[in-house]
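The first chain written gets the first letter, and so on, giving A, B, C, D and E; residue counts start at 1 in each chain.
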């Protein structure tokens, strides 16, 4: 849970804008792909070295440069310099764990977003930082790891004519944010399934590990909310015309995505309510079972203690105890015990204790 | 509870504005009715195919087109195109579970509302999405299922002259929202009845299932609040003149409906307080009953243990125990026990334990 | 508690502005009184039929028309039409349970307020809706029931020259609101007395019914707060010059009344804190008493169980038990028991259990 | 706790601005002192009758009139009329329990503040209402009781040249508010000492009365916060230039005093956190001790019950029980008991119950 | 915890701006260092007496004067007068425990910040007040104690050309605030480690002192939040151009530091959530262990009480008890006991009590 506190120690006192990668170590080299497109054509290239990029980006049309992996700070710096990105933006790119935000620099709009996925094995929401550098003609995206979150957008881009090819990088940026927000719904759906499963287990005493699972699902909801809440503000900024980079047509769509982000936040809240309710129910159920157990045990003891007392009385050694020599004294004593037991049982039943 | 998380998975990565129905499957075909009216006359038509609509809507006067059922995306698209509705609005129409909202597009004002009903059998609040497309002369409404929520408005429209016929679609839109808000009071009344019934049951140990009913009523109140809270904002937007589509006369009425929505929210809050109070009372009552039970059981044990001890003493086998050979030794021992029991009982009573 | 949810069902789908009385049935006919006054003279009339009013209200000077009872919707409509009141305002007049609010219509300012009283018998705060229609020369007030809340203002009006006679209906409206706010303090004082009484009872185990009384007083405080909170906003609106009907002189007084309403809200909050504290104290006291009881009972059991064991040992029937034939065996065993008991008692005392 | 609800009853329905003293009865006559000063000289007079004041206040320089005691409403009215104070302001002067506030009237700025002191004997925060009437040349202060809270300011004023003598009543008003705010720190310091003492006592079972002291200190903190919170707003109003009476130089100082008031509010919050933490700790400690007690008692019972059973077995009267006639049967039975006891003790120890 | 309430008592009633040191006593003399620099050169001097400073600060280029130790109020006054600092600012400098804030005076911008460090031995967050006086050419910093928090900035300044040397004191002020904010992350990292360690210990019954450690870590998080929250506002003020002292280039960096401060606040909140979760888990675990213990003890008692009863029955002294003279009566009784015990054990197991 405390994982997102880790990264900063190594950077205290460094000049701001210094690029130091602070995420988990990554084995493979970053993977760079470039889509050059205009309404009529689309060229898709795999880039091996940032040196190739200069001439390509100078070419006509729009360009989408995607970099998977941000641990190669030299590469990030080279790519950043191609669009005149501010060092502070690049510093954020190589520092996973940023809050989603949108910032205007002179020539570049910088967006940080957070994509979430749900690992059903580990029952854990994972999130990944997505950074977007947006200029009038070029969109650069950085992902922490290789992933296929942007796959559907790539397919729509390849698919051809439409707003995506016509409106250029600013609409493409929106489309990517929209995919990221839609992904929140998928994760919430998985968490909803987990909660439904918990709803059955919570009252079943044989079900193991309800408490850790409740705790995990609560943590996961918080994780989604922490990713979604500032994303809502980013989309509101885009929709409200506060950012000059976006066309009015795109703003209309951003308003829609903003609505979805608000909806995500609401669903998270209502699921949290459900989880809290389940948690209370679980505690109450545990406590009721415990009380029930203690009550039954105490009822048993309470039943036998008076009987033992009767037996004790007739175990006294007085020389003059008339009952002892009655022919049916023994039967009488057993009958007395049976009567006592029956009376107590009726009393208990009358009080609804058994 | 987690039901409203479901719908989105199938849509991740689709182009925004693509119409994919994400609600529950519906068997029957949508039902379309058209009211064409002006202050002087009213024509009511059942429409079989959207193709008929073009010429009809071009006719003079005002038009109210109502579509029950939004699962036929083709139909929604055709109807939407007749009023030049934005694809994003139509996407929301076919996606149940939207937040109530009002959005201005160039030619069309788009309103999403949420109607609630209470199923007394299932003790469950059900809600349905109502979408409204409003232009100067035409009002289109989409309901998820056939229902009679708009029946009273239809009757008033048929009933003749009045604001409803004179002011046109914008007042009609208000009237529909007003009916939806009034419906919240009906549901709250039913929930209030359920709470009153619970108030009696909560202290009655024989009453079964108090906890699940409290939980259900709390969930239902949250459901109403989630429908009502954004509706309040929609009506405030109308009343505040933020939306140019509405006349000042209608705005006055919208202010009134806004007051009602605020009142709904307040009643929900106060009912939640009552339910929380009942819940606490129920827990306290359970806990007090449990404690009472344990106390009585323990009192019984505590009463007999000293008596058993006395019996045990006179059950010892010492050869030289003077009491054993006293003529009234047995009576003495029984008297000792009776005195001990009486003393303990007095002590317990004095301490108010019994 | 759920009482203010009741009224609306009968009205769903009716045209807004339709007058349907939704309060409790009232037996008697409404009572109408008219004060016609200017700085120099005052005429007080009992009105039998609204038909008399037209010429009277057209007369010179200021007029205060008070109607006790709003169940006669025809009467309310007649009176309303005399000042050109909007149908929505009149609808609110006959619908008890409105939120306090102030609304500007073209010719009339409409104010809803809520008067509270405390029934010391039932320990219940009752509230009544007061509606005010204010024009330049005429003030109309509607009360749900006959009551004497406005008595002091009537006396001051009769008493003669002063702001009340000079400034006209707008100052009179303020004076009535001021009386209503002052009444909150009286109710809070009564609730404060009840809380002081509870403060003594909460720790006294013999005091019955602490919990229901705490619950009642908490409900009553919520009732006062729900009446007072929006009244604060009404007075702020008057004080802030948002309502053109009020003179700057009256606004100064309204600011003062607003301060009082804020104070009421604060006192309610602090009394709620006190009640919550008492509630916690009561629960803690109950729990401590229960624990104390169980502890003493368990101490008694624990004391005798080892003694019984000793008695049990010497009740064994072994042929060869040397103690049994010791001359002082019995005394020895009793001594052993006494020593054990003393040891245990010392141990318990040392641990501060007894 | 409920004390500040009391005063209003006698005033319901009175004309606003009517002076009725609603505080506790006061025996002594009010004490009036007048400081007339300018940068060069200072005259200090004891005033016996308000009649003397007219000519004195008309004299040159600045004047500070201090009245200790507000129960003589005639005196308050006379003094108020000398500076043309509004009747509403004077009504607040004689009504203790006002919220701190600042109000502009035409010629007079009216400030209500609340001074706090801590009575270490009673462990109770006491507060007193301070009212300030400020005109360009005259400052009038009303205190509920004679007190020395303004002593240091008087000394600085007597001490001679400086801002206090130069800037006139508006800076003097600030200086008095500053002293009042500083006094909050003194009270908080005393409460902090009490909390430190509680911190030691809370875990000590022998310490009596922890709960009432925690409750008292919490009530005292609320008292300070209720005095300080609106004072913050008063100082913010002065600092923000919303009140034309104050010079920009004074405003700079008021900003500083505002910072202190914010700091008081923060310290109160953090002390409340500490107290709540102590309260939880105390409850947890009580509960742990109780549990510990019950556990030890139950361990003792549980240890002897099996032993008693063994004794019971060998107390049975079967004619054919071989152990009974074994030469070492008795020793064997005692050994069996010892072994059982040891086994149970080891089991308990192993489970960490003892 | 209550430590920051202490300082003020000695100051009540003193003229504002009077310098009285209210922090803990400090033994050593303050240490003064002066960095005079411009883009091309840097001179570093150790200052023994404030008298040397006048000519030095009048020299060309930028100057950074750092004072370690604020207990020498004379020194603070001398240094302050060199930059025309307002007495209120200097008062704050010598009064540790100020809230972080930024204030504009005519010639000087005054910033209070709060540096935090974590003492892993004492498990305690310590904080120190840092005050900054900023003019166009001179930056004065005051630290409570000698420390190396500014070390990295000094090194970067010595390191040579760059923004730090070029942009002058306003950028240097930002750089110092940035280092202070970065330091929060270091402290949070340490607290995160402590929380991770607690996460393991919380369920381990052998782990001592979980509760005090949870309480300490919660207090430490509150400490960090109280330092960080107002720092956020300071940086927002700088970034928003509200303070004319800062260049637009620096403002861009301040926006970045502001983001970091927001992130610190969020991490604190999420760590608090984790700690609260751990605390609940710990309480639940203690309670479950206690319940488990009581249950096992009660199971043991409940098992033996019926067996003792059987033994008691056959210990009765009736002359006519047929079982007593059966040849296998003893074996029968033992078998009966074994059967009873087995039955109870099966019943308990069936109910999942053992």
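As a convention for this text, a residue touches a chain if its C-beta (ideal position, glycine included) is under 8 Å from a C-beta of that chain, and two chains touch if they have at least 3 such contacts.
Since we're looking at a predicted model, the values are computed, not measured.
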| item | value |
| --- | --- |
| Rotation angle superposing chain B onto its copy chain C by C-alpha atoms, nearest 5 degrees | 70 |
| Separation of mean Cα positions, chain E and chain C [Å, integer] | 43 |
| Intercentroid distance (Cα basis), chain E paired with chain A, Å | 27 |
| Multi-partner residues of chain C (at least 2 other chains) | 294, 298, 301, 305, 308, 312, 315-317, 321 |
| Round-the-ring chain order [start: chain B; next: chain C] | B, C, D, E, A |
| In the complex, chain A residues that touch chain E | 1-2, 4-9, 11-16, 86, 88, 91, 97-99, 101, 103, 105, 205-206, 211, 215, 218, 222, 226, 283, 286, 290, 293-294, 296-298, 300-301, 304-305, 307-308, 311-312, 314-317, 321, 323-330, 333-334, 337 |
| Contacting residues of chain B [partner chain C, same complex] | 151-153, 155-156, 162-164, 175, 178-179, 182-183, 185-186, 188-189, 191-193, 195-196, 199, 252-253, 255-257, 259, 262-263, 266-267, 270-271, 273-274, 277, 281, 284, 288, 291, 294-295, 298-299, 301-302, 305-306, 308-309, 312-313, 315-321, 344, 351-353 |
